[in-house]
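Quick heads-up: structures coming right below.
Shared chain: chain A. Partners: chain B in the first complex, chain C in the second.
Up next is the complex of A and B:
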C-alpha cells in the first residue's frame, strides 16, 4: 500500500461486493435452479458445467451470426436442453450411474464447445442490454452496482415461482414424488422415467442460459477459460441450499459477492494475501459443504431417490 | 478448478492414431523415399499455453508461427492449450519423436523450468527456443531464450495514458507478479510520471493468465475507484479492453492490437513482433550455426511495436510520445535509472545508476516502484 487512503473504505467495499453479487451471480443462479429441478426428480446432473460452457459458446455464436443476443439466449437454452435430454436418456438405461454420466457429459460439453468455438474467439457478438436501476444516485459506483442484467430479476422471480410450484402445482408434486419415492410414484401412475428426463432437460435449459449470460453479458465474450468451475460450484450450491430454489438464489448472490471480494480489496490497496481472497468462493464452497454435511442433520430435505442418499 | 483438468490429452490420442498411420505409410513408400523427403524439411514445433486466436499473447506467437510456416522448407506443427505442467514435456517429446521436430518454440513462461531444461538435456540435437526465460551459463547450450523489451512500449503507453487521463489514476490488471509483468507495470508508471508526477497506477493481480470473470471484476473494481485508463498484462486483454470501452473510459492494449475492440477509448498499445526473433532463430538453425542462447530486442531491433494512436490522444501527447520513441529507436533512452524507490520506500536503483535495457538485472525485477498502488 502506498499513498492510497489509509483505512478500508467500508462503504465502498460493501458497494463493490453488492456490485459483484449483481454481476457475477447470475450463472450460479441459473445453473443451481436447473440443478435443483433435476435433483428434485431424483437425479444428479454433474454435466451442467459442460452445459454451461456449451451454452456460452452456442449463445455467443448465434448472437454473432444473427445479431440478436436474445436469439443467442434461446439457442443456449436449446442446446442446454439437448444436452439435458442426452443425460436424461443415458441415465434411463439400466444400471447406468447418473454421476458417471454427468462427468462424461461435462467432458463432452466442454470439449465440443472448445472444438466448435474455435472460430468464435475473435469476433465480437452483440451483448445483452442492462437495466439501469441506479439512475437516482449521483455516485457512479452505486450506478454501476445497480446496472443489472434483466436475466437476474428473471432468475430471482423464477426461484420464487419454483418454490411455489414445487408445493402448489400438480407437476411440482409429481416431480417431488418421483424424486422421493419412485415406487410410490409408479403406484400412483406417474411416469417416473419421462418425468426425470423432462426435469433433466429443463435443468439443462436453465444451465445453458446461465452460460449465455457469461458470454453475452458478463464478462461478455467467448473464450475457453470462460467458466472457472461455476457449473460445478452451482451443483454444490444446490446441496447447500437444501434443494430450496429461494435459498439457491441467496446462495448464488453470496457466491457472487465472495467472488468480488479479491478484486474489490485489491483495488482499494489491500493487496496482501490476494491469493486467499481470490479463493474466497472456493473456500466458501468447502466451508458451506462441510457445514451442511455435518453428522446428525445431514441431508435434511434431500430427495429420497438421489444417489447421494444412502438407502 | 481449471478446464485443463478435464481436457483429455489430445496429443496422446493423436499420437496413438497418427503413429500407427505414419508407420504404415512409410512402409508403403518406395525404399528410402520417406526418409529423403523428411531430411529436406525443417520441422518446427510451436507450443502455446492458450488458444491461438485469443486476441493476446498466444495470438502474437501464432502470427509469427504463421509467418515462418510460409518460408520455404519449413514445416510447422502446433499445439494449443498446453498447461505449464508435465503436459508440456509430453507435448515436446511427442513433437520430437512423432513429428520429427528439430526445433521447439516453447512460448509460455512456466514451460522453462524444469520442463524445457529437462528436455534439452534429453535431446541435445534438438533446439529449444523459449520465450521469456532467463538462460544462464551452465544450462544446456541447445536452449535459446528470446524476449522483447516490451516495457519500452509500456513506457510510451504510460505517457499517453497519463496525458489523456483526467483523474490521473491509472489501472493495471495483471496476472501474476513475475519479473516481466512487474517490469511492465513499473515502465507504465514511469512513463505516466514523466508527464504527470502525481499519476498513480493501481494494480490488481488476478492470480492466473486467463480468468475472464475475474479480469472483468478487477476492471470494474478499478473503474469504481476512479481509474480512467486501464491496461493489463494477462493472456487475453479482450475482456479488460471491452470492459473499459463499455464503461466509457480509456484503455491501452497489450500483446496485439486491440483497437477494434475499443474504437473510442483505445489510446495506444504495446505489441509483440515475434516474427523477428523467430526468423533469426530458424535461419540460424537451418544454417547450422550454434544456438543463440540469449536473444533480446526492443523497438529498435523490431521485436516489439506500438499500436497506432487512437482518436482520444491529443496531438501534443502524440508529439511527446513520438519524441521518446525516436530516442528509444536511437538506443538513447533509459527507462530504469536511479534514484528509484519502490513503493515501500526502499531504494531499488541507487542514484547515478542507469540500467540499460540489455541489463539482465532488470529481468529479475521483484519490486513495484513508488507510485504503484499494490503489493506483490
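Up next is the complex of A and C:
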C-alpha cells in the first residue's frame, strides 16, 4: 500500500468521524442541556435515559399519526416534561432519594415505551428535514458530513442562550441559588421545591426532544434497541462539562465523534473489533469522569446541593 | 412497622397497573388475576417463578452488599454476562476432569470475574471519587460489548451458526434439576449465598465495619477502618454473586454462553434489592415476587395479547411506588 492511499484513508476516516459527530451528537446535546438545568437546581435525574427512550417512542408515534415530525418533537418534549414532573414531585417527598428515583424512572420509562411502542415498530413516520451545508464541495463525503439536522443548530443556540440566562436573568439566578444553597434561597423567599420541580420538568422536556431525534432523524425509526445509554452518558457529560451549557455542547460533539468511531471504521473495511469500537463512548465517559472527579476535592463549579458531589 | 410502606406500594402498584391496562383497552381484573396465576397459581407457575428467582436473588446481592458500604451499584448485568462467559470457558479448557472440580472452578471463575468487574466501580469511586452508580452502568454496557466481541469472535464455537455461542459445556458438567421438581439446583445455591451474605453482614466484624463505612465514611476513617478496602470488598462480593448468577444460567439453563444470557436479571435485581431495603434475606422474598412478575409475562401475552413489555411496566410501577412510600418510613433517611 502506498503512502498516498493511506493518507486518503485517514482523511476520509476523519471526515466520517466529523460527520458522525454532527449526526450522533444531537441526543447527547439535548439530554445534557436538560440535565444541566436540573442539576443546577441541586437535583440529579438519572431517569433521563428512560425519558429519552419514551420521547423517541412518543415522538415517532405522533409524527406517524399526524404526518408532521415537528408535532412529534413537541409530543416527545411534552411526554418528557410529564416524566420530569413525576420525578420532581417524587423527589420532593421527604426521605426520598433522587438517584434511586432516577433509576426507577429509567426502568419505568423504558418499560412503558416498549409497551406503548409495540405497534410502532412496523409503520414508517416522516423524518425531520436536514440542512445541506456542503453544497460548495464536489466531494460526496464532505457533502455527507455537512448534511446536518435542524435540531443541531437549535441545540447549540440554546446552549449559548442558557449560559447567558444562568448569569443574566432572574430565573437563572434563582435556579443557581436554589442549587447552591437551599437555606439561603429559602431565607431570601425563593420557593426551593417548586423551582426544583420546574427545573426537572424542563430538563425532561429537552431530554424528550433528544429522544425524538433518534426516532425521527438518525437512525430514524423506532425499535427497542434505539438507545443504549446515551441518556446516561449525557448525565456524566454534564459533570465533565462542569455545569456549563456551552461546554456541554462541545462535549456532546466529542461524544458524537466517539460514537461514530465504530461505524466509521467499519466503512473503512475494519470490521473485526466492531463491538469494541462501539464501546468507545462508554470508555471515553469513564476516562473523562475519572479525570474530572478526584477523591477528597470538591468539584469546581458544582452546585452545592447536588447529592452526587456531597455524598 | 417497616412492612407498611411495602404493602402500600404493592397495593398502589396493583391499582395503577389495573388502570393502565384498562386505559389500553385490556380487561384490568383479568390481567391482575393472570399475574397472580402466572406467578404462583400452579405447580408449573411456581417452577417458572423459582427458576427466575434463582439468578435474581444473586444479582440483587450485587446491589445489596455494596449498599451496606454506602455504594449504589446498578451494573449487575455486566458482571452476570462476563461471569457467565468465564464460567463457560472452564469445561472447554478442562474437558474430561471430574464433575465436582469443574463445576467448582466454573463457580469460582464466574465469581472472580463478576466480582472484579464490579470492584472496578468501587475502585474508581474510592481512588478517583467517580460516582459508582454511573460508572457501574457504563461498565455494564462495556461488559456487554466485550461479551459480544468475544462470543462472536475468538470464543465462538464454529458449529453455532445462527446464534453465536461458545462451545457447549456438555451434559456432564451441566447443573441438573432438584429431584421431584423442574427447578435446577441453582435455586438452592441462591438461597445459600443469600443466607451466607446475611450471616457475613450481620455476624462478622467485616459486616459490622462495612456497615460503619456505609453509615458514615468519615467516622469510619477516623476510627481507623480501612475504608477503601472495605468498599472494594463489598463491591467484589456483590459482583461475585452476580457472576455466580451468570455461571448458574450457563450451567443450568443455556448450556453455553450466548447473548440470551443478558435477559435483564441484572436490572431486576436492582428493584429486588430496593424492595428488600438491601437486606440479604429480604432479597429472597423480593426475588420470588419479581421472578413471579416475570413468569406471568407469557400468560398475559397468550391470554390477553398484552405486549411482553407489560411485565416491565409492572416492575417499573412497583419500583417507583416503593420509593415513593419510603417517605412513610420513620426510621430516618436511607442514604442509598
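One rule holds in what follows: the second predicted complex is superposed on the first by the 292 of 311 C-alpha atoms of A that agree within 3 Å, B and C clash if a C-alpha of one lies under 4 Å from a C-alpha of the other, contacts with A are read in each partner's own complex, and residues count from 1 in each chain.
Following the convention adopted for this analysis, contacts are C-beta pairs under 8 Å (C-beta built on N, C-alpha and C of every residue); 3 or more make two chains touch, one makes a residue touch a chain.
These numbers were taken from a predicted model, which means no experiment stands behind them.
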| request: Put chain B and chain C onto chain A via the superposition and say whether they clash or fit. | output: clash
| query | Should A:164 be classified as contacting the first partner (chain B), the second (chain C), both, or neither? | reply | neither
| said: Touch test for A:278: chain B only (first), chain C only (second), both, or neither? | reply: both
| task | With the two complexes superposed on chain A, say which partner A:96 touches: chain B (first), chain C (second), both, or neither. | result | second
| task | Give one of first, second, both or neither to describe whether A:46 is in contact with chain B, with chain C, with both, or with none. | result | second
| With the two structures laid over each other on chain A, which partner does A:112 touch: chain B (first), chain C (second), both, or neither? | second
| said: In the overlaid three-chain picture, which partner chain does A:229 touch, first (chain B) or second (chain C), both, or neither? | reply: both
| query | Touching A:286, do we find chain B (first), chain C (second), both, or neither? | reply | second
| Which stretch of chain B would you flag for clashing with chain C, going by 111-119, 147-155 or 165-173? | 111-119
| field | Residues on chain A lying within both footprints (that of chain B and that of chain C) | value | 103, 107, 110-111, 114, 118, 228-229, 232, 272, 274-275, 278
| message | So in the complex, the part of chain A that touches chain B is made up of which residues? | response | 1-4, 12, 15-16, 19-20, 23-24, 53, 103, 106-107, 110-111, 114, 118, 121-122, 124, 140-141, 144, 214, 218-221, 223-230, 232, 259-260, 262-264, 266-269, 271-272, 274-275, 278
| task | Write out the stretch or stretches of chain B touching chain A in their complex. | result | 1-3, 6-8, 50-51, 53-55, 81, 171, 200, 202-207, 210-218, 220-225, 227, 236, 238-239, 242-243, 246-247, 260-261, 343-344, 370-375
| message | For the complex, give me every residue of chain A touching chain C. | response | 46, 86, 90, 93-97, 99-101, 103-105, 107-112, 114-116, 118, 228-229, 232-233, 235-236, 239, 272-276, 278-279, 282-283, 285-286, 289-290, 293-297, 308, 311
| Which bits of chain C are touching chain A when the two form their complex? | 24, 70, 72, 74, 124, 126-131, 133-135, 137-139, 141-142, 145-146, 148-149, 152-153, 267, 270-271, 274, 307, 309-310, 312-317, 319-320, 322-324, 326-327, 329, 332-336
